[in-house]
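Below is the structure I would like to discuss, written out as structure tokens.
Chain nomenclature is as follows: A, B and C, assigned in order of appearance, with residue numbering initiated at 1 for each chain independently.
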Amino acid sequence: MLEKLKELGVLSPRKAEDYKKAWYKFSRNPLSIAGLAIVILVVALAILAPYVTPYPHHAGFFVDYDNANQPPSLAHPFGTDQFGRDVLTRIIFGFRYSLMMAATVLAIVTPPGVILGLIAGYYRDRWPDIVIMRVADIFVAVPPLVLALAICSVLEPNIFNAMMAVSLMWWPWYTRLVYGMASSLRMEPFVQAAEIVGASKFHIMFKEILPNCLGAILTKVTLDAAWVIILGSALSFVGLGAQPPTPDLGTMLSDGAKYMPGIWWITVFPAIAIAVIVLGFNLLGDGIRDVFAAEAH
Amino acid sequence: MRLATYLAKRIGYTIFVLLGLSILIFTLARVLPGDPARMALSPRAPEWAIEKLREQLRLNEPLPVQYLYWLRDVFSGSLGESLVTRRDVLTDITEFLPATLELLLFALIFDVAIAIPVGMLAGRKANTWVDNLVRGFAYIGVTIPAFVFAIIFLLVFGYILHIAPVVGRLSPGVVPPPRITGLFTIDSLITGNFSTFVDALSHLILPSLALALGPIAQEARITRASVVENLNKDYILASVSHGLPERLIVLKYLMKPSLIPTVSIMGLDIASLIGWAFLVESIFNWPGMSRYGIIAMLRKDLNAIVGVVMVTGLVFAIANILVDIIVSLLDPRIRMVERAK
Amino acid sequence: MNNTLLNVKELQVHFKVYGGILKVLNDVTLTVNEKEKVGLIGESGCGKTTTMKAIIRILPWNAIVPKAKIYFKGKDVMKMNDSELKKLRRSSISMIFQDPTAALNPVFKIRDQIFDVVKYANLEMGKNLSKKEIEEEAIRLLREAALPEPERILDSYPFQLSGGMRQRVCIAMALASARELLIADEPGTSLDVTIEDQILRLLKQIVEERRTSIILISHALGAVKGFVDRVYVMYAGCIVESARTFDLFHEPLHPYTKGLLAAVPKLTGGGIPEGIKGRVPDYMNPPLGCRFITRCVHAMPICERKQPRMVNAGNNHEVACFLYGE
């Protein structure tokens, strides 16, 4: 029965996704392509960091006071820091930590956030909705950065705990996103039809509603990658995240700030690096959003 | 009258959420691994000292009991003793909060004063070079986090160009105005001390602008988009077709509906202002509650952390209620529908 | 013969869109005389509204006007400066939009909206009204638009009124600034049929009492039949036929007009209306010759090559079709 309804096109309006068409739409916007290029480049640099950086051994603990605080030159395009380490090398290794943080947090956070949103949306105005969404409201009652700082502060400061802290406060944003979509999709004819023919709740939530939220979720994941990277660097900037000598972009910023303005390159280049990586994910996310928004019309 | 009922409901829910937040943050602060008392003292502190602190913080009691004690203290006007300042956290926050509020207030003033005219201009000149320029800058503003702006401002305007001071609220040697509101600019104006006012204002410019750039960009984008959308609406064409003066059309009939989305997302922007204030205050050595909070966090000062988070939540909630009120003033549909509920 | 009030000659309007240029209006020519009631009919999307927006120069930003001669009482509208244009809009021509919900600003009370219109319309005529006089005038206009309890209407927001009331408010506002020509763009199409009928009767009564001209736009022939003196038929951005109302309905000439008339269900005749086969041509690449060629049953070789011009078929009945000579 369900299969038949599907053939008739009564069920989920978007099943066989036309990836080619989506890619065509995406590729028409030069800004989206630029975003994708930046993200690919950053990911590639991060993965290949030990091979592409000029001084891979400068990534961690390393001291060479003879070459400390060198301004940008051919040997050190972004200069060297107060311990004589190559800033470019450390930035590229910093990408590793930023991306690892983004990937870990989003992998931890997205599934439960989405599932809770689906459940709350499906049981709109009944107790699962009320319980889940009230709790979510509590988590967003304070700006995300403040909550992340507070959670981090009671943990040992390191990059792993920073990831846990951000994960702990990030799920409600997915729950709220999916809740909004699910509670309105629930009323759509194709969902109602599936319900009438006796589809299980599981089927309706995961096979009917979820596929129609994927576009928005994917967009949010991409844009959030930028957000998590910012949060992570903010945490380590304050001293509640990654600790020296970890080459984290935020740590590098706060270390360098002490040497401003004379030795500006220790600070300015990591700042630019954060801006570039964030810009890349934002452009990419906007491009993905446009593709799905056009599809929805 | 009905607006009052709506507000009462809203405030009631806010109290519920803040209570929930207090349970959340209180539990997190005590359940997460690590002994708060040991963390607060140095790792080499003697066992008896740790035990004494544990007793003092009531860490030996079951968690719900600890929370109830805390709640009782809150209602009697105490947020517990700060391990760092050895004063009541509430006393500390009362001292430092006005500086933060002043910073946020100026960031908001910058935000509204720049974002709305710029967004309106870009929207009206859609797809011209002015618009493209605004959109380009807005994109950069949206993507670069406030603490990066803060560092760049510190370097460029503070150290290289010496345009404005970058440390604290007043120049060394300038006597703070008598405390009336705690906001130096306002207090100095009230007491008629103009030179102090100028000095306080100049100290505010860079940190509040660094905070505001993100929201400015965000709101300029939203305003632009809604102006472009509304410009093609029949009601604007109708106003033009009746021969109304352009100024009247733009400043009245176009502006009011276009500002609704802008004000609606202000809640999110205020969240970002409050959040980034924690870093920006640290960067500019701004003696506000947020910097106090960061110090408390680095020192594992549990009472101070919980207190700062709660007061932040309160400020955020009040800001959101104000935003809701402004939106409902702008949009009669929301006002009437909410009241009808 | 009456004096010509509005004279539009060879009006072309194109739209810049993503991927090309839409050549929507193709040499639209029409005239309206003083005190005349003129109908403009055609399918949705054929450029009726665009023509009207061009006349009062409220086209959107992406519109291009390669060619236009629009004369209002002998003055070239396209060459008017700001103050002349304001004068025209404030005191001579006014437009009633199709959808009254969209045409009223949702966040202002009717009071604000109608007061400003009344104020500037009178200012243009050298009358600087006081607040009280403006209110009196606004109430008078609302009454003229047959709105009961005008005081209550003034204090309402648009969303608190019914569709029919909103359209009457729009009419009242248009009356404030239309001494000579009222343009009514499908007034009532967005409302239900009985209300639409009331609105049309009201408009007819008003223009006859006020002795102003009106252009009534419609996609429904029935609506204009009992209303207007003369009808223009528009197809895909071209005027294809014009005649006195009686002549057009009794002896339509253009194949499109014939199809349009056949498509109107008659209470007396049986069967399902035939309709016109095919679709409106693509404005980005319109046919070189006659734009109706893609749907015309009489298409001839010449129709592919040449654009038909309006020819007089006698009795002021004009048609743009090669079936009636060149």
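Please note the rule applied: contacts are C-beta pairs under 8 Å (C-beta built on N, C-alpha and C of every residue); 3 or more make two chains touch, one makes a residue touch a chain.
None of the values given here were measured: they were computed from a predicted structure.
Counted as hops between touching chains, the shortest connection from subunit A to subunit C is 2.
Among the remaining chains, the Cα-based centre furthest from that of subunit B is the centre of C.
Inter-chain contacts peak for the pair A-B. Centre-to-centre separation between subunit B and subunit C, using Cα means, comes to 52 Å. Mean C-alpha position of subunit A lies 24 Å from that of subunit B. Residue positions of subunit C touching 2 or more other chains: none.
Residues 53, 56, 58, 60-61, 85-91, 94-95, 97-99, 102-109, 112, 116-117, 120-121, 124, 157, 159-160, 170, 173-174, 176-177 of subunit C are the ones touching subunit B in the complex.
Per the touch definition, subunit B reaches subunit C in the complex via residues 126-127, 231-235, 237-245, 248, 252-253, 256-257, 260, 330-333, 336.
Chain contact summary for the complex, subunit A toward subunit B: residues 134-135, 137-139, 141-147, 149-156, 168, 226, 230, 233-234, 237-240, 253, 257, 260-261, 264, 267-268, 271, 274-275, 278-279, 282.
Per the touch definition, subunit B reaches subunit A in the complex via residues 16-18, 20-21, 24-25, 28-29, 32-34, 36, 139-140, 142-145, 147-148, 151-152, 154-155, 158-160, 271-272, 274-276, 278-279, 282-283, 293-294, 296-298, 300, 302, 305, 308-309, 312-313, 316-317.
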